[in-house]
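Next come two complexes, and both contain chain A; in the first it sits with chain B, in the second with chain C.
Now for the complex of A and B:
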C-alpha cells in the first residue's frame, strides 16, 4: 500500500470545477447552442407500431414542401450501415419495424417547424404483426420472432460460467436461500438532451459535433458509416461540445448521429438534429431490465459456500451495449465477498421493447440488488447479524477471486465499520423504522473490455508557465478536467488554473477508449501524469543547468523551481521556460504519453484480472415506512467508499451524492412504463425523478486506501455511488416492517400489497 | 400575427417585434442569442429555462413572449457584474460543487436568486421548496442546497 503523501499542494484539494464559472454564467456551449452558417434542421419519424411490416412509404408531399432540403427512408440507407455491438440495427429501418422507437424516415428542412410539418406529410402503410414484450415468453418455441433470420429470439452470447462445484457445495450448506428478483427499465435523464450537428467540407470530409463519451470509437463508427456511403479514405472529425450529462448514455453511436450524417451529405449543408424531451425518453436507450434467480448458501458459521445465479435480460429489438452487461454483472456475482463455488448464466432475449444500453454501473446495480438482498435473507436464516455476516465473508487485500481478480487494496472492512458506527449510534428501535446495508465491488483501475484500455495525453508548456494538456479522456460534468489539471499541476509545481485541459476534438486530442467503467481518473489520470513526468524531467534538467544545481535537489512547487533551503537557487518556472525557448539550440517543453494499464481481458471461462484495482463501498440507510400508505421515507443515508486517494474531495463527494440519489430513484421511484412496447411516461411529470424537495442529507465518508498503481493512489469513483442503494433500501424496509420487496422500483403500491399479504 | 413589445432585459431597454406564438424562451435563445437559458423539456417540468420576470422565477418555455411587454426580465447573462465578478449565488454554486454538467445550473441559479431576493433568510426547507421545480441529474441536490445555503449565509442578494 502506498503511504499517503501529505506534502501535496494541489492534489487532495477541494478545487472547484474548472469550467464551473463558465457554466454559472450561462456561457458554456452545449449541442443545443451550436449554430453554423447555412445550417438546416433534421427530424426523425418513428414507427407507429411495435412490430409491423412496412408496406408502402410515400414521401412525395414532404419532398414537395417548400423549405425541405432532404428526405430519407430506409431505402436510402447503405446496406452496410449498421449500428450497435451486434451490428443488427440500421439507422432507418426498411421492410419491417421491430419497436416503437424504430426510425422510418427523416427530413432536413430550413426550420424545425418545417421539418416537423414535413414528417406529418409522410404517408406510411403498415401491416401490424404480433408483438412479443415478455422476455420469458419470447424464449418459447412458438413465440413471434423479432428477427426472423435468427430463427430464435435468444441471442447467441456466451454468458455462462461455473467455478468450483455449486451442486456439491449446496449439499454441504447449513442454510440456503433461493429467490427471484427483477428490475425494470430506467433511463439516464441527462438534462441536456441528445443531439448532433454534421457537416461535410468540399472534399467530403466529415465534421460532427456530438455528445459522446467515446470520441475515438465514435470516430471509428463514423468512418465506417462514410465507407458504407461510398466515401472511402475520408476524414471524420468528432467535436464534443459541453456535455449535459452522460451516465453511460453516450457510450454508443446512434441513429440520430448517422441520420444527421446522411442528411448533411444529401443536402450539402450542416444539419442539426437534437432531441426534445419526449424523444429523449422514447428514443434513447435504458438500463437493461433483468429477471434474476439467485440461490446462495452458507455453513453454520455463516461462511458463504456457494452462489448460483441465472438471469434473463430483455434485450429489446436491437443490440447495443446492454447485452454485454453480464460481463460486468459477473464481477459482483463472483467477487463480492469470498465465495469459491459460483455459477452464473445470462440469456439476452429479443423483444419488441426498447433496446438497452450502458447506464452508470453497467449491470452492477441489477446484480447487486439481487445479491445483497439475498445476503440479508441468508444472514437472517443463519441467525447472524447482517453486518457481521458480511464481515465474515468480506474480501481481503491480496485475495484472488474465483474470476482471477486480484484484490490489491480493499477498504470493505473500513466501510463496514464506518457505516455500522453511523447507523447504530442513535438506533432507537421505533415502529416502522429500520436500517439496511449493502456493499459493492466495482472496477477502480480501468477495465479491459477492448484489446486496449489505453488513453493518450499530449502536454505542452508555454513561455508563461501555462500548460495545455490534450487528453483522450472525456469530461461530461463528472470532473475529469479537474482531475487532469490537479495531477499535472502537482507534478509540475503549478496551480490548477495554470492547466488548460483540452478534451474536445479528435483532430487534436489523442486516442482513448472512452469514459466508461469509472476508468477516467485512473487511466486518463495516469496518462496525464506520465506526460507531466516527462516534461518535469526536462524542466529539472534545464533548471539544473541554469541554477547550477543537481536535478535531484530541485523542487517544483508554487510556480517556482528551487533548491529547498538555498535562496540563491530559485527561479520562477515561467522565467525558466522563456530561457528554454529563447536560447540558441532551444528546446520545446512538450511530451506525449500513452498509458495502457497492465490489466487483462477476460479470457477462458471469463477469468482474468480485468482491472488494475477494485473499489469497494458500503451504503447504510435508515428508513421509515408508513404502513397506511406504503410510502418509504429515507431518514439517514451513509455512503462509505474506498476511493484509493481523493484527488479532489469536493468533486468526489459530488460523484457519490449524485450516484446515491440516482440509486434512490432506481430503488423507489423510477420506471419507464411500457405498455405493449409503447412508452407511456415520456415526460418528467410521469417519470419520477427525485427533486430538490425529496433531497436528503447524505454522509459520504471518504476512506483512503492509496493504490500503488493509481495516479497519486486514486481509484475510480464515477459509478459506485449508485450500485448498492436499492438493496440497502430493500433491506431497511424489511428491517422496518418485515416485508421483502423483490421487484424494483419499490413503489408504495408494492409495499402496501406486501404488507397486506403478510397480515393475511 | 406579430406584436411590438418593450421590456427591460438585464437592465437594457429592449423593443422587439414578436410573433404571438413565440415563447419567451424562443425569443431569448433563438432570436436574441441568449443561450444561457436552457431548454430541458419544453413543458415546464425541469426548470432549466428559469428566468426572473418582475422578481418571480418563471419557466420561460411556458411564458409567451408577448406577455413580457412592460416587464423587467433577468436572465443568467445579467447576473455577473460588468467587470466579470460573479453574483454571490453564482460564486457559491461554483465554490460548493453545485455545478457538474451545468445544464441545469442557469435555471437553478435563477430560482435561487429569486428566492434569496424575496427571502434572504430562507431556511433549508424553504430552499428545497423553491428549487422543487428545477431538476438536476448529476448532483443529487446535496451540493446545490449547500450552495444556496452558503449564498444565503454570505448575504446572497445584491
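Now for the complex of A and C:
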C-alpha cells in the first residue's frame, strides 16, 4: 500500500476545471458549433410504427426539392453496414421497422429547414404488425417475433453462473427472503445533444467530428463502415469537440454517425447531423429496464449463506452494449458482501421498444437496487440492525470473491462507520421520518471487458517549461484533463496550468479503449504517469550533470530543479530544458507510454479479476414521507466512498454530487414513459430530471485508502455515486412508514398506493 | 421557425388596429414564453407578432386605497407580482401561485395575461384570480367589455376572446375582513413543473372567526379548464370551519372534480391530492386569518 505522501504540491489540490472559464464564457466548441466550408445539413426520418412492414417508399418529391443534395433509404445502405455489439442494426432499415426510433430515410440539404421539409415529402406505405412490448410476454412461444430469422425473442447470450451450491445453502438458512423488483427506462439527459459532422477528402479518407466516449473503437467501427461502402484501406480520423456529457450514452457508434458518413460520401460535402432535444429523447438509448427475482438467506447469526438472482432485461429492438450489462451486474451479485453460494442468470429479450445502452453504473444500479433492498428485508427478518447486518457480511482487504475478484484495498467498514455516525447523530425518531443505507462495489482499477484495457500517452516538453500530453483518455466533462495535468505536473515539478492535455484527435492521440467503467483516472492516469516518469528520469539525469548533483538528491517542484537545502544547486526547469536543447548534441524531452493494467478478462464461468482494484461506498439517507400525499422528501444525504486517493477532491466531490443527484432522479422521479413503444415524454417538462431547486445538500466524505496500483493511489469514482441511491431511499422509506416499494421510480402514487394497501 | 415581423404598438388602440389589418396572420405576444415555444414547434406560424410590451398601462400593478380594488395589468410579470410586498401580504394566494411558476427566467418575462389567455388546464395564475373573484377587462375592435375570470375559458387553448381582442387588465374586488387564501401546486419537482393538480382555497369568516361567510375552492388540472368546486364551497358556507368540515369539503371537491389519467399522473391520485390539499389549504387560510388579526 502506498504511504499517503503529504509533500505533494499539485496532486490532492482542489484545482477548478481547467476549461471552466471557456465553458462559462460560452467559448467551448461543441458539435453544434462546428461549421465547415460547404457544409450541408442531414436529417433523419423515423418510423411511424413500432412494428410494421415497409411496403413502399417514394422519395421522388424530396429528391426534386431545390436545395436537397442527397436522399437515402434502406436500399442505399451497404448490406454489411451494421451497428452495435450484436451487429443486428443497420443505420437505415429496409423491409421492416421494429421500433418507433427506426430510421427509414435520411436527407442532406442546404439548410436544416429544407432538410426538414424534404423529410415531410417522403411518402411511406406501411403494413402494421402486432407489436410486443413486454419482455415477459415476448419470451412466450406464441409471441410476435421482432426478428423472425432468430425464431425467438430471447438473445443468445451466456449470462449464467452458479458458484457453490445455492440449493444446499438454502436448506441451511435460518432466514430467507424472496422478492421481485423492477426498474424502468431512464435516459442520460446530456445537456449537449448528439451529433456528428462527416467529410471525405479527395482520396476518400474520412474525417468525422463526433462527441464520442470511445474515439479508438469508434474509429474501428467507421473503418468497418468504409469497408462496407467499398472503401478499403482508407483512413478514418475521429475528432472530438467538447462533449456536453456522456454518462455512457456515447459508448457505441450510432445511426446518425453512419448516416452522416453515407450522406457526406454521396454528396461530396461535409454533412452535419445534430439532434434537437426531442430527437435526443426519442432516438438515443436508455438504461435497460430490469425485472429482478432475488432470493437471499442467512444463518441465525446473520451470516449470508446464499444469493440467487434471475433477471429479465428489456433489450428493445436492437442490441447495443445494454445487452452486456449483466457482465457488470455479476459484480454486485457475486461480490457485494461475502457470500459463497451464488447463482445468477439474465435473459435479454427483444421487444419493439427503444433499445438500451450503457449508462453510468452499467447495470450496477439495477442489481444493487434489488440486492440492497433485499439485504434490509433479510436483516429485518433475522432481527438484526441493517447496518450491523452489513458489517457482519462486509468484504475485507485480501478477500478473493467467488468470481475471483481480488479485493486489495477495501474501505467498506470505514464507509459504514462514517455513514452510521452521520445518520445517527441527532437522530430523533419522528413520525414519517426514517433512515436507510445501501452499499456498493464497483470496478475501480479499469475493467477488462475488451481484449485490451489499455491507454497510451505521448508527452513532450518545450523550451519554456510547458508540456503537451497526447492521451487516449477522453474528457467528456468529468475532468480527466485536470487529473492528467495534475499527475504530470506533480511528477515533473510543474503547475497544472503548465500542462496542455490533448485528447481530441485520433490522428495524434494514442489508442484507448474508452471513457467507461470508471477507468480513466486509473488507466489514463497511469499512462500519463508512466510517460511523465520517463521524462522525469531524463530531467534528473540532465540536471545532475548541469548542477553537479546526485540524481537521487534532486527534487522537481514549483518549476524548479534543486537539491533541498543547497542554494547553489538550483535551476528553473525551463532553463534546464533550454540547456538540454541548445547544446551540442542537443535533445528534446519526449516520451511515450502505454499502460495496460494487469487485470483479467472474465474467463470460464465468468471468473477472473476484472479490475486491478474495487471501489466501495455506502450511501445513507434520511427521508420524510408525507403519508397523505405519498411524497418523499430527502432531508439528509451522506455518500461515503473509499476512493484510494483524491487526485482532486473538488472534482471528486463533483462526481459524487452529480452521481447522487442522478441516482435520486432514478430513485424518485425519472422515467421515460413508453406507450406501446412510443415515447410519451420526450421533453424536459415531462421527463422529470431533478432541477437545481430539487437538488439537495449532499455530504460526501472522501475516505482515502491508497491503492498500490493506482496513480498516486487513486481508484475510479466516476460511476459509484449513482449506484446505491435508489435502495438507500427505498430502505429509508420503509424505515419511515413501513412500506416497501419494489418498482422504480418511487413516485408519490406508488407510495400512497402502498400505504393504503398496508392500512386496509 | 418561420420568419415573422415584430410590431411594438404603444397603445391598446394601435395594437387592435394593427391586428385588424392582418387579422388572419397576426398574433399578440406578451412575454412570449408560450408563443415562442409554439413558433419553434411549428404549431403557430404568424406573419406578424404584435407585442404588448410597450403599452404602458398594461404593465401597471396598483391598488386603489379608497375602494380597496386591486388592478393587475395583463402585462404584469409573475416576477413583479412575486416581489410585490403588497401581494405577498394581502394576496398570499397570488404569491403562492406565481412564485412557483417555471423558473426565475420564465417568471421574469412571463405575464399574468399570457398565462390566462394561453388557457391550459394547468395555468397556475388562473386559480388565484378565480378564487379572488377577479374580473377581466377586454378591449377589442368593438370596444370594451368585461367578464369574470372564471368564465374566460371555453376549452384547452380556447378563451372567450374574439379575434383582435386584448385582455387589458384584471381587477380584484376589495377583500372582506377575516379573509385568508392559499394555493399549492402539487407536482413532482420543485421547479419547471406543471401541477398534477393546483388547489386554491379562499375563506372569509365572520367576525368571531368561526363561521364561514364565503368559500372559494378552485382547482387546476381537475377538468379541461380551471374550475370552481361549487358543491364544496356550498357545503362550507355558513358552517364552522374546523378539521372535520375541511376534511369533508376536500372529499366533496375531489368528487366533483373531473380528473383524468394521463402520462403525467393517475386520476385516483389526483383525486386524493385534491382531497388532501383542499383540507390543507383550508387550514392554511385559517392560520392566516388568525395570525392577521
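Assume the second predicted complex is superposed on the first by the 760 of 760 C-alpha atoms of A that agree within 3 Å, B and C clash if a C-alpha of one lies under 4 Å from a C-alpha of the other, contacts with A are read in each partner's own complex, and residues count from 1 in each chain.
We take it that a residue touches a chain if its C-beta (ideal position, glycine included) is under 8 Å from a C-beta of that chain, and two chains touch if they have at least 3 such contacts.
Treat the numbers as computed from the prediction; the structure is a model and nothing was measured.
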Check whether A:673 is in contact with chain B, with chain C, with both or with neither, and answer first, second, both or neither.
-> second
With the two structures laid over each other on chain A, which partner does A:189 touch: chain B (first), chain C (second), both, or neither?
-> first
Considering only the touch criterion stated at the top, classify A:749 as touching first (chain B), second (chain C), both, or neither.
-> second
Of the partners chain B and chain C, which touch A:692 in the superposed model: first, second, both, neither?
-> both
Answer with first, second, both or neither: which of chain B and chain C does A:684 touch in the superposed model?
-> both
With the two complexes superposed on chain A, say which partner A:17 touches: chain B (first), chain C (second), both, or neither.
-> first
Kindly classify A:653 by the partners it touches after superposition: chain B alone (first), chain C alone (second), both, or neither?
-> first
Larger contact residue set on chain A - chain B or chain C = B
Look at A:629 in the shared chain and tell me whether it touches chain B only, chain C only, both, or neither; answer first, second, both or neither.
-> second
Report for A:566: first if it touches chain B alone, second if chain C alone, otherwise both or neither.
-> neither
Both partners, chain B and chain C, contact chain A at residues 684-685, 690-693
Interface residues, chain C side, partner chain A - complex = 103, 186, 188-192, 194, 263-266, 269, 272-273, 276-277
How about chain B: which of its residues touch chain A in the complex?
-> 34-43, 45-46, 48, 75-77, 79-80, 86, 90-91, 93-97, 99-106, 109, 127-129, 131-145
Can you name the residues of chain A that touch chain C in the complex?
-> 628-630, 668-669, 673, 675, 680-681, 684-686, 688, 690-694, 747-749, 752
Provide the residue numbers of chain A that touch chain B in the complex, in ascending order.
-> 16-17, 19-30, 32-33, 188-193, 242-247, 276-277, 476-479, 650-651, 653-654, 657-662, 683-685, 689-693, 695, 697-698
